[in-house]
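Across the two complexes that follow, chain A remains constant while its partner is chain B and subsequently chain C.
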Partner chain A sequence: MMVKQVIGQAAFVGFAEFKHVYTPKTWLTGWMLRLVSQVVFFGLVGKMAGDRITAEYVLLGNAVTVIAIEATLVITTASLERYQGTYPMLVVSPTNMGLVYLGRGLHWVLAGLGSSALVFALVWALFRPDWNWRVAVFALPCLIVIGLGAYVYGAILAACSLRHYKFRWVYLNFGFMVLMTFCGTNVPRSFWPAPIEWATQVLPLSHGLTAMRTLAAAGPLSDVLGQLGLEVCVAALWAALTLLFFERIASKGRRDGSLNFTS
Partner chain B sequence: MIEVTGLGRVFVKKGRQAKRAKQSGPTAQDSRVVALDSVNLSVPEGETHGVLGPNGAGKTTLVRILSTMLLPTSGRALVAGHDVTTEADQVRRRIGIVFGGDNGLYTRITARQNLVFWATMYRVDASVVKRRSQELLERVGLADRADEPVEGFSRGMRQRLHLARGLIGDPAVLFLDEPTMGMDPLATRDFRDLVHELKAEGRTILITTHDMSEAEALCDRVSLVDHGSILVTEPTATIGRMLSGHDRIDVTLREDQSPLLSELAGLPQVERVDKLSEPGSVRIHTVSADANPVVLRWLLDAGIDALRTGRPTLEEVYVHLVGNRGLTV
Partner chain C sequence: MAAAAKVQWNTSMRAPEHMLIVVTAPVMSVIFLSIVRYNDRDDLVANAVIGTGLFGIWFVAVDVAGGVIQNERWMSTLDLVLAAPRAFALVVCGRILPVMLIGAFTLAESWLVATVGFGVQLPVAHPGIALIALIVTLLATACTATMLATFFVISRDTTIYQNALSYPFYILGGVVFPLSVLPDWIQPLGRVIFLSWSADLLRDSLSGDEVHDVVPRLGAIAGLGAIALLLGIVLIRKAADRARRTGMVSLA
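Moving on, here comes the complex of A and B:
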């Protein structure tokens, strides 16, 4: 019960802060334009480099990856936590800060869901891909699962960025670049050497994206559900690691004195 | 309620700081900084205890350890019967922390929402969260602004909200780290009134401050800290005895009374006469308490009636023990 309340309260604060991140105008002309440009750019590269199938592969990959990118923005929430001095107060409260962070940046998942859905709609309108209709119907649950997986993965990086504040932007860019590069966004995971391909099994996005591709290719629904199940397992693994990581970061901070009332 | 035995904390400089320390040569400061050195302190239940000292003395380090924000490198500290190192979670359930400044609150949400958030973090039962939040908002005088975002609050209002947040878990021990820092005099007075109320409730309060008048107004006992060590722990009311066992006499002489000064200094009952910063003002130190009536009679007979008697203040004791360093830290 307390877990639900903690996550709920943390999410509430996040949503309250999110209202001040963008105005509708800056979201549309700034963030959305950036995302659409990225997807269109890779889509056009795919079209030039290969055939229609390649282009559609890249477009789907990038449209889905949008939510993963946005979910990792939880790292910026952690930066804000440190900036406003609430970080040490959370550490010395009786609640595990990792639990707080399972909810603290959930607004990024919702924002990512909106961005990803809009990008999907634009891609469909502009490129007319030959995707199965089931993509439109099942995209939402798939994107939610992918978003949550990427979010808890981002929460671990957020914990790291709390400790190494100077590198917060490195963590953010490293975080989503790893997902974009290795999890099948632009090239199949099988393209990479076997150890890397194996490692992508435990990264968020990999299985969720495979599920989406199976949907687009009108593959069996059981395969889709199987991949989504694996994506959920990966998310659970990263969520457990989030709890452990925040504990560890807090312990290190207590030991080396990096926690202060004003930090 | 707070028991500290041989508590020490050493920070090890890293990176550039350590390199700089090494380059300064073997006789220069090494890469270790002793922030606390074998501190012993006992604060009984219900006491308001002040920790005073210059910048960098170790006051905040002590509070950081006691509030489980920092681990000691030696010694032991118990808060509400629990070890801050091995039973941090138990300690955290029993303490409240309030520190000065603008930070530490979620500014995009309202005062009430902040309290509900922190109540949840302090595992306050959901059935009492609303009521306790309202009570605390009324208590700190923020009930009328409870549903406004904190970003529009003045520093004084934020500080009152900090105090309410510190109390949300109904703590037995409250740590106040320079709580009135940057507050205007009226807000400071209101804040002190609130602390008096908490003291009357029997809570144990540990307060760090630079402000001597604050310590005198709030604290039952004070500890003076410097270079990581406690120099003295005394009741606030009697700490002046450290400098003088009896009252001193402060007088202000008119210009035409100046020649009396040498005669005054020559009295057998007078130990010495010190000039004070105010023009014409001097402080007379008598040889004993019995000598005071004799000197007072002499002063009145000489027509000197601008006078007052008093024990050494906390500030005088502080300056005497810590030394007047000016702006040096």
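Moving on, here comes the complex of A and C:
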């Protein structure tokens, strides 16, 4: 099968599956309530620690981070395959298992896009931050790039969780919390020691969030495009690692038959 | 309750997912402390440390309350547990109680992150009050999570409600910031959530100032916890009766 077909078919399965994850009621009263209150919570922490500018900084960071959190939920999709007992079939199929996973959880990016945009709109309406109008106009393309970057990062964590199945929730939560902590969500990346700041250059969210902040501060569009370009490069790097890592895990699984029985 | 507690302790010690908060709490602590430190507000370090601890305690309680019911449902043993002649709420409460120790551990982790990672001094000025406040808070958390388990009995997917029962409580409970940060109209609502009393008392016990009204404040935490447990017993019984009547115990 062509690469496009593999990713397309995998994405199709994911979208079909997603219809059964939430009902509109549980999405609104469960997931959205959590996301909105999470962003408001951190905004209030910012308000307590600093001034209005700090609170707005934290609110923007957390509203954008929502898509990164939701995109990493691809890890739960990998767990689902384990429950369904479909790993052996993926392992014997004549394509890279990583390629399947680059499409299999794309519905989380779309869901994250909706959640993040809605949270963004609600926060803007509730707190009336002093953000430039351009951030609203260009939010969607920025969020898509950030979402895809976080998604491929999540895919490699999904691969790790295949080897350590019982730790899947640890991979998920630790994975997105690392982004939330170091990539500029609550404090600028320059706050961290130099090695950590350097490492954030190759983590998803960092450059995309900088682009969003530049838009909110009415900064030059060339800077925004430059940061988005870097975010795309970071996503490509993680996608390549995902393909390599999944192939390695699948090879080992074929060799020792352990893939469906790891703990 | 003792048998339920033993089952849960043995289960949790063998399940890495129950230790999730032990891994994530230090990271959460780093987030709070970075916001405080970046804004040169070292006077708020206690808020960050206590906040992470209460965050962890509440997370573990809701996680286990939901997990108990979801796992019993997956294993098809929920029907048997509900048919047993003991109040199901007491079983749930008994299972939450031992894992409160994991929640309390996050407070120690957070203190370590602050002192070792961020190099701040955080002496506990009133250790006796802090210890009693912590114990009463752990008990009240277990009781309140038992009441919330009602949602999980009637819900098909507990994860959705576990998510919804986290951050709204952190906001209304003022776990990191005092309730005065919230709009005036919502502050009275925060006062019926025991976490707001716990957070205030624990923060005060760390400061060098004299702590006022210790007994009434402890009474508020314990009282709210006791009311929650009583409500939990009644509500879970009603939810279980409804589930039995409609045949939806395993198929909510």
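In this text, the second predicted complex is superposed on the first by the 255 of 263 C-alpha atoms of A that agree within 3 Å, B and C clash if a C-alpha of one lies under 4 Å from a C-alpha of the other, contacts with A are read in each partner's own complex, and residues count from 1 in each chain.
We take it that contacts are C-beta pairs under 8 Å (C-beta built on N, C-alpha and C of every residue); 3 or more make two chains touch, one makes a residue touch a chain.
As the structure is a computational prediction, the values presented were derived from the model and not from experiment.
Participant: Just chain B (first), just chain C (second), both, or neither: which does A:S93 touch?
Facilitator: first
Participant: So, does A:R52 touch the first partner chain B, the second partner chain C, both, or neither?
Facilitator: Neither: A:R52 stays clear of chain B and chain C.
Participant: Is A:Q84 touching the first partner chain B, the second partner chain C, both, or neither of them?
Facilitator: Once the two structures are laid over each other on A, A:Q84 reaches chain B alone.
Participant: Between chain B (first) and chain C (second), which does A:V13 come into contact with in this model arrangement: first, second, both, or neither?
Facilitator: A:V13: touches chain B, not chain C.
Participant: For A:K252, decide between first (touching chain B), second (touching chain C), both and neither.
Facilitator: Once the two structures are laid over each other on A, A:K252 reaches no partner at all.
Participant: Considering only touches as defined above, state whether A:R128 meets chain B (first), chain C (second), both or neither.
Facilitator: In the superposed model, A:R128 contacts neither chain B nor chain C.
Participant: Which residues form the common part of the chain A surface touched by chain B and by chain C?
Facilitator: The answer is that chain A has no such residue.
Participant: Flag every residue of chain C that touches chain A in the complex, lowest number first.
Facilitator: Residues 15-17, 19-20, 23-24, 27-28, 30-32, 34-39, 41, 44, 47, 157, 160-161, 163-164, 166-168, 170-171, 176-178, 181-182.
Participant: With touch defined as at the start, can you tell me which chain B residues reach chain A in the complex?
Facilitator: 9, 11, 60, 64, 67-71, 88-89, 92-93, 97, 99, 101-109, 113, 116-118, 120-123, 126, 169, 177
Participant: So in the complex, which bits of chain A are touching chain C?
Facilitator: Residues in contact with chain C: 22, 26, 29-31, 33-34, 37-38, 40-41, 44-50, 54, 58, 166-170, 173-174, 177-178, 180-181, 186-188, 191.
Participant: Give the list of chain A residues in touch with chain B in this complex.
Facilitator: It comes out as residues 1-2, 5-6, 9-10, 12-13, 16-17, 19-20, 84-86, 88-95, 100, 254-255, 257, 259-262.
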